[in-house]
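Both complexes shown next keep chain A, but they swap its partner, so chain B is in the first and chain C is in the second.
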Partner chain A sequence: MATINPKFGKNLKKYGGFNFNACYNCGNCTAICSISTKDSSFPREMVRYSVLGVEDEIITSTKPWECYYCGECSTHCPQDANPGELMMSLRRWLTAKYDWTGLSGLFYKYLPATILAMLAVLAGVILFANRAEWNLESMLHFGHLFEMIAIATVFAVILAPNLVRMWYFTIIKAGVKVPLKTYLTALNDLLVHMFTQKRAKDCDDNHFRWLEHLILVFAYLALLFTTVFLNWFGTENLFVIILGYVESALIFIITVDFVKDRIQKKKALAKKSQPSDWFFVIWLLLMGLTAFLVRLFIDINILESNKWMYLFHLMVLAQWALIIVPFGKWTHFLYRSFAMYFVKIKSMKSGVKVKK
Partner chain B sequence: MKTQNKNITYDALVIGAGIAGGEAALNLANTGFKVLLVEKDDSVGGKMILLSKVFPTLDCSACITTPKFSEIARHPNITLFTGSQVSNIKKHGENNFTATIHKKPRYVHVEDCTACQKCEQVCPVNVKDQYQYNLVGRKAAYIPFSICSPKAAVIDIDNCTLCGACERACPTNCIDFTMEEEVYDLQVKTIVLSTGFKLFDPLKMPRYGYGVYKNVVTSMQMERLIAPTRPFNNVLRPGDGKMPDKIAYVLCTGSRDVTVGNPICSQICCMYSIKQAQLLMGALPMADVTIYYLNIRSFGKGFEEFYEQAKGMGVNFVKGKIGKITEKENGSLILRYEDINSGKLKEAEHDLVVLSVGALPNNEAKGLFADNLQLDRFNFVDQVELMTSPAKTNIDGVFVAGTASAPMDIPDTILSAGSASSEAISYLMKENAPQPPKSGVKVGQFSGC
Partner chain C sequence: MEKRIGVYICHCGGNISDYVDVEKVRQSVENDDNIVLAKTTMFACSDANQNEMVEDIKNHNLDAVIVASCSPKLHLVTFRNVTERGDLNKYTYVHANIREQASWAHADNFPAATDKTIQLVKAAIAKSRTTKALEPTKIKAERSVAVIGAGVTGMKAAITLAEKDTHVFLIEKESQVGGWVAKWKDLFMTEETGDMIVKQLHEDLKKRQNVSILLNSEVIGNVGSIGNISLKIKQKEEEFDITVGSVLVATGFEPYKPKEDEFGFGKVPNVITLPEFKQLIDHEKGKLMYNGKKVENIAYIYCVGSRQPEGGNTYCSRYCCTATIHAAIEARKKFKDIQNYHFTRGVRSYGKQELLYAESLQGGDIFLQSYEDDLPTVFARNNRPVVRINDILTGGKELEVEADLVVLVTGMAPRSNDTVGSLFKLPRGRDRFFNEVHMKLRPVETVIDGITIAGACQGPKTILESVNSALAAATKSYSNISKGVLETDPQIATIDVKACTGCGDCIPECPFDAISMVEDKGKTVAVINNTLCKGCGMCTPVCPTDAIDLVAFSNVQIMGMIDALV
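After this line comes the complex of A and B, so read on.
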C-alpha cells in the first residue's frame, strides 16, 4: 500500500518545485514531451505523485532522470504548473535522498549552509598555503597531490555508496529481480549514455545545447585527466600544454554561454535557477578560467610574483571537488547515466513485480 | 463623408442582433416600446442561425431562429439596422443616452432586391465565404447565406473590382454604387448590450496544425458541414473530399488554458461536441467518433442524459488533452496524448480532427462607449450585481444580455436576454415616476471639473 506524505509538496518547494498543485491532470505535458514513450510516460505521473506525496513511487522511479528538461511541457502547460521545473526539483530531491551523508539535502535546502561550507574550504586553502609557507613550488606539488587524493576519496566515500543506494532504491526496492549477467550486458548502455547523453538529443530544438553540453563534458573530463595524470601545470610537453589550453578555454566559453542563458531567462530550462545551478555553472566557469590563467602565468613566467592566482585556482578547485562534486549538481552526471543503465536492466527483465 | 447626420429617437437601443439581442428586442417591442436593433453584420441571427442543431433537444437551430427573426423584421415596434455600428454612447442623465450610428453602404437597395442571385452568377470575383467558415467560396456580390435576414444581396466592396456586371444583370436595378455611409445621431432611454462572443482562433496553437493540415477543422466548420444548409450536402473532409471514418474531437482548444490567455471554461464545447458526435453518427453511420476531453461538463438540464445517450450510441470518450497533431502523407492525422486512465502515452490516427474551440469575450463592447464600461477580469462585460440583478452593468440603464457577459449556452442566453429586457422595461417605466433623491454626483454631470 502506498504511503502518502502530505508534507512532501511543501518540502519539495525547498528544492525549487513550485505551483505544481495547479495541475488539473490533463496529460498535455506527457503528450508534448518528445522523449516520453508508451513504456515510460512522464511527467504527469510524477506531478501526481508529488501532489499526493507518494514518496515510495518517486524514490523507486528513474523517470526524473529520464527528463532532459527541454522545457516544452512548462511552456505549454495550460495551468502554468511548471512540470519541467517539478522534474528538476525531483532530481534535486532524489540527489539528496541518494546521499547517505545528508549533506546534499542540507546544501540544496539552505543556501547559508552552502556558503558556510564554501568559506570553510577557503579557510582550509589559506591554512594550507600558510603551512606551505607560501612557497609556490610546494603549493603546486601539494595541490596536484590534493587533486588526486580528493578525487579518489570523494568517489570511494561519497559517490560509490550513493550509487549503491540509488541501485537499492530503483532496483531492489522497486522489486526488480534480474540475473547478474544482465548487469554486464547492459553496461554498454551505461557508457553510451554517460558520454553522449544521446537521449537529450531527442529533445526538440535542443540540438545546439546538446552539442554544447557534450563538448563541455568531454572538455571537463579531458581537463581533469590532463591536470591530474598528465600534470598540466608541471609538464614541459608542448602537446599537453596546448591540449590543456584548448580544454580550459572550451569549458570557459561554453559555461559563459550557459550563464548568459540563465541571466537572460529566455529558455524554459534557464528561467528558474536555484543556487545549486548557479554554483555549478559558475564554479565550472571559474575552473576553466583559472586553470587557463594559471598555466598562462606559468608560461609567461609571472606566477611566482602572482601566487594569489594559483591560490584562487586552488580554492575554486577545492570547493568544486569537496562540495559541488559530491553534494551538488555534479552528481547528475552519474545519476543520469546510471538511471539509463537501470532502465535498460529493467527492460531486459520483464519481471517487474507488482509494486507494494 | 459629407452625409448629413440624421436625428432619431427610440425608447431602447439593442446592440447586436444574435439570439440574445433578438430575444431582448422582441420582449421590449411586445411591451410597446420602440426599439432600434443594430447589427454590425449584413444579416441578423448571429452565430445561432448558422448552427446545425441545438443541444440537448436536437431541435433544428435554423427552425428556431428564422421564425423569430422574421417576427423581428416585421414587428411594427422594431427598427432594424444591419451593417451598422454604434459608437460614442454617452449618458446624460437617467433615461437619457445619446449615441452615434454609422450605417455602412450595402450598395443594394434592400427593399427592391428579390434575392434572385443573378448578380451572384455574373460576379467574376471569388473569395472565401465567411458564413461557411471558409469551407467554400462566394462572390463579391452575394446573398450572405440562404436563410439570412434581410434576404438581399450585398456588395463586398473591399473585394469588388467595380466591373459593373452585377449592376447590368440586376432585373430590379437595386444595385447602386453611389450609396454612401449614413450617420445617425440617436437619442435613446435605455440600452441592451448583446454583443456576443468571439470564437478562439486555433492558429494561436500551431501544435494542432490548424491552417496547415487541411483535415483539421474547427467545431464551427463542423457545424456548417452538418447543418441543413451545409455547403457540400454531405460530411466531407476538406483536404480531399473523402468521407471521414475516424473523427476526433479535441476539447478545450483555447479554453482552460493560460498559455493562450483564456483560463476559463467556455461552458459550451463539451455539449456541442457531444451533439455533433451524435449528429455525425446519424450522418455517417459507419464512422467512429472519439472525443478527447479533460472533464466532461454536462451541468445543464438534460445535459447528463444527453452525454449518456452519446455514450450509448457508441461515441468513444477518452480522457486526455491532445499534445500535438502531425499529418501523414495521406492527409490523416496522428494525435499524441496521454491516456489518463492508463497513464500511458498514446498515439491515435484519425482522418478528420475537429478542434472544439472556446468562447472568448467580444472586446469591441467597451469601445462603443464614451463612458467607461466596466469589464470583468476575463474581459467580459462586468455584471456588477451578479447575484441580485445579473443584467446590470456599471452604467445604470445599460443592461447586458447573453454571451457578452460570460460564455453560456442557448437556453441560458434566452434566460439572460429575458432578464436584461425586463430590467430595461422596469428602468423605462421608472421614467415618469418620481426619482428618489440621490446623493453624490451623477455620471457625466460635472465632467468639466
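After this line comes the complex of A and C, so read on.
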C-alpha cells in the first residue's frame, strides 16, 4: 500500500529538466532501452513512481544507477517527456538522499549555494597563500599535503558514511537478506563496474562515449596517483614527468569533447545540462589543463615568476576535492559501481540471473 | 396473351461460373414455356449488359425479365431500374440469387451447384409467369412535423424544419426549453456557456411564425401513419389534437443514477455524481467548499454506469472522459490548491478532445487505471472518503488517495419513462436506447415510417454529435412530407373480403399495427392499412381461410416456385 504524493514530483523538478506530466504511459522508453530487461525494466516504471511520488520505491531502487543515459528513450518519447533526463534527475535526487550532510541536495537545488561554496574555497586558498607568504616552495609543499589529507578526510567523513546509507536504503530497507559471504563473492562485480563501466557498453549507440569515458577514468585515477603518490610536481624522474603530461593531456582532450557536446546539445544526454554537470566537466577540464601548465611552467622554469598559475591550479583542485567530489557529480563513480554490486547481491539472493 | 420472358445468367466474373456450368443452365431453361430469350453474361450489372437488356426488351418485345446473379440485396434495384428503362413496370422484374445460394454455398460440389442453379432459375421463371404490374400507393402528406423534446437536439431540428416552410410543433414536457445543456455553464472548445447556446437557439425559434413551442406538454396519443399522424397532446390540464406528416423524436437521456453503495454512493461521505459536481463548480465562488469543508483533493471514478461488465450498461457513454477532464481542469483553474486524481478504465478523449487530456496531464492531474475485473474501491476513514486501486500503470501496485471529494463519473442512460417509445412502438436496442434502421446507412430513421430519432435518445452523444443527428433527422423527416404526397411500396398484404371470417387471428401477429377490423356489408372483416403494412407476411400463415395474400409473393406464386423447385 502506498499513498500518492504529487508534491514529490514538484520537488524532483528542481533536480532536472524533464516533463513527466506529459507521460501517457505508452512505454516506448522502456521498449527502446537496450539495457532494460524483463525482470528489471525502466525507465517507464521510474517515471510512473515519480509522477505518483511513491518515494519508498525510488529510494530503495538501484535502477536509476543502472541507466547510462544513452538518451534513446528521450529521443523516442512521443510526448517529449524526456525520461532519460528524469533518470538523471533521480540520480541527483538519490545522491542528495544518500548524503547525510544534506549539502548535496542544497547544491543541486540552489545554484547560489554552490557558487557561494566555491567562492569560500577560493577565499580559503587566498588565505592559505597569504599565510604561506606567497612562498612557492611552501605552497607546493602544503598543497601536496592538502591533497592527501583532503582525499582521506572526504572519503572517511562523507563518502564512506554515504555509501553505508546507500547500502541501507537499497539492501536493508528493500528487505534483502543475504549472508556475508555473498558480499565477498560479488566483490568482483564491484571492481569491474567501478573501473570499466562495462554495462554502459550495452547501450546501443554508446561505444565511442564508453571508450572516452573509460580513458578519462583511467587518466584521472592515474593522474591522482601520479600527483599524490609520485609527487609529480616535485619529481625529477623523467618517466613520471612524461606520464603526468600524458594523463593531464588526455583529461583535457576528452573533457573538451564532453564540453563541446554539452554546448552543441545534439545528443539527448547533452541537451539539459544542469549546473552540476557543467561544474563537473569544466572543473575536470581545468584540473587537466592547470596541472599540465603547472608542470610545464616548472619545466621551463617560469613558475617562480608566475605563482598565480599554481594558485589557480590549487583553487581548482580544492574546489574539486571539497565540493564536487563529496557533494557533486563525482559521486556517481562510487554509486554506479556500488549499485551494480548491490544488484549482483540481490540477484544472488533470489537466484535470478541479471544481465550484465 | 402468352408472357414473353427474357433470362440472363451471370458469370459474376467467375464467382458463379467457376463452380456452376452457366451454359448448361442456359440450355436447360431456354426451351421452357414463355422463354423468348436466354443468355449468359460475364457481368450482368455492367453498363454494357444493362444496355443490351434494354435493347432486348424492345427488340424481342419482352414483358418480363429475370436475372440470375448475386443477392437481390446487391442488385435488385439495379435491374428494376433496367426494366423501367425498357418501359416495363419495375415490379415485373424477378431476381434469382445463384451466387450466395448456389455457387458460393456449394463450391465443393460443382455438379450439385449447377443442378441447384437450374432449379432456382426455373423457380424464378415460375414466379415471373404470374407476376403483375403494380403501382405504388399514393397518399397525402401533411406539411408539418412534431418534434418531441426541446433540448439542443430538438431545438436545432425545429429550426432546420422551420427553414423549410414546414410547420413545427416543438413539444416539451418541462416548463422551459434547453434540456440538460441549459443547466451547464462552461463547455469544452467554446467560450460560450451551455445556457448561452440554448438562449441563442430559443431566440431564433421565437422569431419564427411557423414554430409552435408547446411547453409543459406531453404526447399521450398517436393515431394514423406517415403523412397523416394525429397526436393527442396534454398541456397541463388541457388536451388537444395536432396532425403532422412526420414525427422527430429527441427525448434525450438521463444521467445514470448510481445504486446504493456503488463506489460508496450514499454511504461514504462526500461521494457525488458528475452532474452534481458540475453544478458545484459552476456555482461555487472563491473557495471550493463541500459540506462546509474546503475541497483540495478530488478523486474521479470513471465509467460508473458505463462499460459495466455484465447485466448493466455495457456501452461506453462517450462524453464522460472529456466532460470529467474538462470539469477537473475548470476546477483547478477556478479554485486554489486543487489536486485531481482520475481513476480511469482507459481514457477515451477522442479527436480534438485529446488536447484537453494533454492539458490535464500538463497541469499535474494524476491518471490511474484499472481493469473491469478489479475496480477501485471507495471507503470511509476518519469521515473522509478513501479511494484504493490496483493501478495497472504501476504494475498493479496497490495505491490509495485520501480525497476530500469523490466524483462518480456517471454516463448517459436511456429515459426510464417510456411513454414516447411505447406510443410510437419504437424499437430499442440491447442498450435500451432507441434503435435506428441501420447503424451506418440509415442512422436517424426508425422501422416506423415517418418517425425519425435524433440526439441522445438514440445513444450517448456530445452536443456536436447531437446537433449533427438533429440536422440529419430534420432533413429525413422533411423528405417524408416535402412533396405533399407520399408513395408507398405496393408489395403488401391484401385481404379477400369474401373469404375473411373476421376471426381476428391476424391482428396480434402484425408487428406494425396495420390490421384492424371493420364492418363491411354486414359482416366484420379485417382491413389492411396500406401505409403501415410492410409486406412482411407474418399474417398470411395464421389465416385459417387463406383470405390474406401478399402482393408479389402470392400463394399462387409461391406454390408455383415450389413446384419448380421439387
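One rule holds for everything that comes next: the second predicted complex is superposed on the first by the 347 of 356 C-alpha atoms of A that agree within 3 Å, B and C clash if a C-alpha of one lies under 4 Å from a C-alpha of the other, contacts with A are read in each partner's own complex, and residues count from 1 in each chain.
As a convention for this text, a contact is a pair of C-beta atoms (placed from the backbone, for glycine too) under 8 Å apart; a residue touches a chain by one contact, two chains touch by 3 or more.
Not measured: the values here are computed from a predicted model.
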Superposition on chain A - do chain B and chain C clash or fit
fit
Taking CA centres after the superposition, what's the angle at chain A between the directions to chain B and chain C, given in steps of 10 degrees?
20
Touch check for A:P78: first (chain B), second (chain C), both, or neither?
first
In the superposed arrangement, does A:T37 touch chain B (first), chain C (second), both or neither?
first
Touch test for A:A2: chain B only (first), chain C only (second), both, or neither?
second
After the superposition on A, what does A:V157 contact: first (chain B), second (chain C), both or neither?
neither
Does the superposition put A:I172 against chain B (first), chain C (second), both, or neither?
neither
Answer with first, second, both or neither: which of chain B and chain C does A:V54 touch in the superposed model?
second
Between chain B (first) and chain C (second), which does A:N25 come into contact with in this model arrangement: first, second, both, or neither?
both
Which value in Å is the smallest Cα separation between chain B and chain C when the structures are fitted on chain A?
5
Pick out the shared contact residues on chain A: the ones touching chain B in one complex and chain C in the other.
24-25, 45
Chain A residues touching chain B - in the complex, by the definition given at the top:
24-33, 36-38, 41, 44-45, 75-80
In the complex, the residues of chain A that touch chain C are 1-4, 6, 9-10, 19, 21-25, 45, 48-49, 51-52, 54
Residue ranges of chain B in contact with chain A within the complex:
207, 252, 256-259, 294, 320-324, 336-340, 343-346
Residue positions on chain C within touch of chain A in the complex are 339, 341, 357-358, 361-364, 366-367, 388, 391, 393-395, 397-402
